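A quick write-up on the structure given underneath.
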């Protein structure tokens, strides 16, 4: 694939941003590309996911609407069929003789953000602005998928000895796709795993050899159900779902800090009630907890559940709490970071090298990293700088397309060096 | 107008339920009927409203959509023009020589409730189910407007001596239309005011001569604005609008009870935040306070505002509080209740007479009652029983159409007796 | 007993104010007086109390200290022995032939208030200021006990036909003594019960024939127990009793109002924690709920318990909730009020007669009233006006001693009339 | 001073534990010892404190009671006079020719804890249990003061060249004495400062060359004042101080975590209200905030004040917030830690050497450390292990007296090496 083909691929993905479990067009387009290559195996949809570990799967209506939209956008019918029910994503395998198994993980989903339509927004000028109004590749996953394809090509053309697996992961933004992919079995024989993220406020030309500081995270949804009543005529007959939720929120933020490290909690979304004169029957709370380690996140999670349950009980309400996404913490292994660092240091296109940096957020590549590390393998999360006019998750976000090639170079050379040196 | 015409009118209004300030079809249809009568004056739209006292007026897009819908439903273009900008409602005047000025107030708006489509719901069987999907006459205001028309006809055909004014009031459900109509000047010369409500759990054949126990009420909206921040990466940079709102809610319910009488408070609607990992920049709270007297409502209102403002300040947020609807308490005058009671007692159709009952809710007819009483006049709020299969404000509510005629009889005879006896 | 003897008695009681279950001197002094009379029966201490219904009994150290104090003040040793363990109070019985059984209930306890030592405070001038520093008869129970004695004398000297029982009740201020006395069995044969209160902002010369509007009340204590931890070093190891209590308080005030009538809740006393740097292991909350009816009080009580328990659970704490005092609501019977009203109307000393008034507070005479009414008897609560310089429960409270005699006259004449007319 | 004299001194101090600003006996005893030495200067009371920086000074009654107690325990009258008003503490100065000025800081105050009276508690067996019932040297400050005296003797007898200042600091437990001593001017010429703490879960024989991880801290007291009212009769007339405090507590714990490091908050002591039926006029909250850095503590402090003020305002109360103790964070300088480490490594009595450890709590030696560092000097906080049967701040705490001598050895040798090597 020429670099102009890759560019075209990136722009086509950019035109069709799709959120978690709805990456129908995206997966179909990728599979279409992958099938034209000389792969040793290609797994798609259900084949790459542990069914029971999927989180935050939308309802059928929602899935159907996106499925139909992908079809109308020209997605291949035979591939779409393999994705039915929201089983998106793919794993491509290249076997090239004796050698370790090296994996690259890229994510492919978009965000529910309306893309800028200003003339100075490059996708507008270049005519590849989102066609899925209200959704956008505002975090560069279109570039990630493209890098995955490019690395596959580069390794295919190299003298690589070993096996390469490229994971095209769905649902990262909702930290919903990492776990089912990590538990799919495809990582069982992986010796080395690289994951990649573009941007993160690092400029074009800068490479971060190892990113750490992933906070373990868990998203939850709490649905409070009480008893409605007329607030004027019969206030005593209500069991107030909004009052229960307010008590929960106040006390969620009051979960004790932990001496072992950073913790976080947020009540990020609320909705409830139908009228000012009705005591609310229903209230919805979307929140999350985090921890510097998985244990700290679990400490917060346990306390948060207790708070939410007690608040419901306090006001005579029922509450249903569900986990909608989860990711552990993880750490990039020194040996792997050293390889990437050496490769980047030797690459003329790299104008700045950062050994290690801290993300300070969450990412479910950590599920895959942990899985590999638990099996005795090594993992690292690599940052590829890119000038981005708007911040991540804003409507004016865009990537410097020139950095896609640099990312492919650094990652494929790292894979080659890892395979030969077996650090 | 024959009783079958009245029935047809009621059903046509039922087909076109419209909420506050959007009663375009309703007003146009009523005006069309009224113009066919021998009235001495007919005031429409802006002419019947004190502009500065309108509350909860929707934005232009919303008004335009309903305006267009009314036009498509066949509303008269020349009348619609007089209603532009959401100035709905009408006052019809009949002058019949020397005598007191007696007024009847009926309300005309519908509710945002989806009407039942079950076969056993009479409007389905009778083919007059709501054509404005999601909206419904679920409180009988279609019957009220019809009663207003019927009383006008009955008095026109009687030997009534005096002036009759019928107020067709918009926006009662949001207690938004009573004040601007009360302050319009049309009540200045009114000596006696009757208001009417159908149903209220009183069966067909029962008349309540005087309803009291209106709780004074005020609806408010509070919009909290804070500073968004990433909940994982920079929690300290947020000013949390949801946390502020939760503190407000917890403490709103904790406003001290009052020894002078009943008070109420409710946080009925909440909405806020955009994502679990973002500290919410905005949160919306729709609530209300009530009091057995206007003073008690004002006590609650003052305390509620203090709670909301302090909660915002506590969490570094701004808050904008607006009043979206308001009604005072009121009492039906004995002298007028006595007249209605005597009339009802003498009517064979009345199978049960209740002297006085308590509403236990709120109603902005109280603005009109207070206005008349302040001018030295008398006012009473009359209940006309009707069997209703579902409760008020539920999707299976409907009225027993036979009771419309009884309501017209009792009210028109009461008006005649009031005019002659001048109680 | 002459009126100067009664005055001396009142002043002696005033000198020795004793709180609930510690009325050792008071009971001993009253018993000493009663034994000098020609009574048919005199019951003391355990004999007048249902043991299992006693509430808010202090611990042994506290009881011992007051016991000793009473001894030192000269209380008769043989009577004191009958009061050991905090069994205070007495019932005096006078049988005078055939006739109904009429009871008078007076209370005898004092308050933990430091009495004024200003020269213009009558007990200072008259040298009968409290000798129990920190305690005071600040609600006139010294006068009540005196009235009880005076009525006994007046009836003894009259031509009364029937049985008179005078209940000298302990522990009214903590609403702790009414129930055990009501359940003692001594009310079983009572046909008519009068209770009396002096003052209540009614001036000297005014009689209130029937007081109502007693709010049913229940006092509770909640002791939260958590796990202490160093707030700096190990915040996550604490289960914070103060945080649990704060959550309880916020939500106690938020218990929904009730459409059936007035309710109240108060968190009146808090105490907890030992140091700023220790997460509190213990926190104490003293509170109360009230209702216009006993049912409404019970509604509040049930909700309050749920709030307290859930708040404890929310923060990993245990909580022990105990009821420390309780009284139902009650109503004075019309027939009895009529008798008192007629008597008062005919008494020249009565300058103002109020038929009925509302207390707006609580009082555990209601237990006795309910008991009599449940047995088919009648009860009324009578107010005897008295000019009082300071308000009830303030350090400058005092009674106009002249009104004691008027109270005795009105009550004894009422008892005579009740016995003869059997209303 | 022989080691048996030092032991006697330690036990005498142990017998007379005195809390902040009440170290009358302690200071007098120390001054008595110091005056018997060949010092170049001795400053006492007011002379060693910056008056305006004193915090948490008790009221006169409290000071007088302890003053009297010290006198009765045999404190020298002439010294006591110099301490009047709660000006305790001393600074001893030894000048030995040219050389740097080295300071040692020890603290001297006790805790409000009742000492164990079990036979196996060494002070019971050794007959030096606290004579100030309810107070105890439960953190080893008696040993600290003794070490200070021993170091002074050791240096006096050595060939030390330079100036030694020993700071006997009052009020550490309430972090109240560090700032006024730091600001007294006596540190202005200090080049090196050592502070010392015994125990901290380090066993006998272990030395920690440099302790860090002091959380900056600020203690605050908030006094809420509202308006009392009868909770049954007039709930609306109250401005509820307890309700305001509860709102403050709930929201204090909800102050956002900070990405830059650890923060803490605690509401450690509450007290309020007088009766269950009175809406509380007053409520007291004693709390604290901490931060991994002084900036983080100040972030918490600012937010805490906002929460407290807004909570008061929310419920119509006034609030008075005062700072009752404060300490910054600090770090032990490497160069000084290296010296102590080398000394400890060379001492045969030291069986275990810990280079650096983290306190995880707070300590106001940091004020003195910062002051010296701000002047260009170096500071280190040294830990001297000691087996302690009970934990710090528990009633069975005690020190292994043998470790006092080891502490003196390590510290005096460190001072000698510092003076000669000028690191």
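In this document, chain identifiers A, B, C and D correspond to the written order of the chains, with residue numbering beginning at 1 in each.
Here is the rule we go by: a residue touches a chain if its C-beta (ideal position, glycine included) is under 8 Å from a C-beta of that chain, and two chains touch if they have at least 3 such contacts.
Labels paired with UniProt names: A, B, C, D = Aminobenzoyl-glutamate utilization protein A.
Since the structure is predicted, the reported quantities are computational estimates derived from the model, not experimental observations.
Judged by contacting C-beta pairs, the busier of the interfaces B-D and C-D is C-D. For chain D, the chain whose average C-alpha position is most distant is B.
Look at where the CA atoms of chain C average out and do the same for chain D: the two points lie 50 Å apart. If you average the Cα atoms of chain B and of chain C, the two centres end up 50 Å apart. Centre-to-centre separation between chain B and chain D, using Cα means, comes to 68 Å.
Those residues of chain D in touch with two or more other chains are numbered 233-235, 240, 243, 247, 250-251, 253-254, 256-257, 259, 264, 279, 360. Chain A makes touch with chain C in their complex at residues 233-236, 238, 240, 243, 247, 250-251, 254, 256-260, 279, 299, 306-307, 310-311, 313-316. Listed in rising order, the residues of chain B touching chain C in the complex are 250-251, 253-254, 256-257, 259, 262-265, 360.
Interface residues of chain B facing chain A in the complex, by the touch rule stated above, are 215, 217, 219-220, 230-235, 240, 242-243, 245-247, 249-250, 253, 264-280, 283, 286-288, 290, 324, 360-362.
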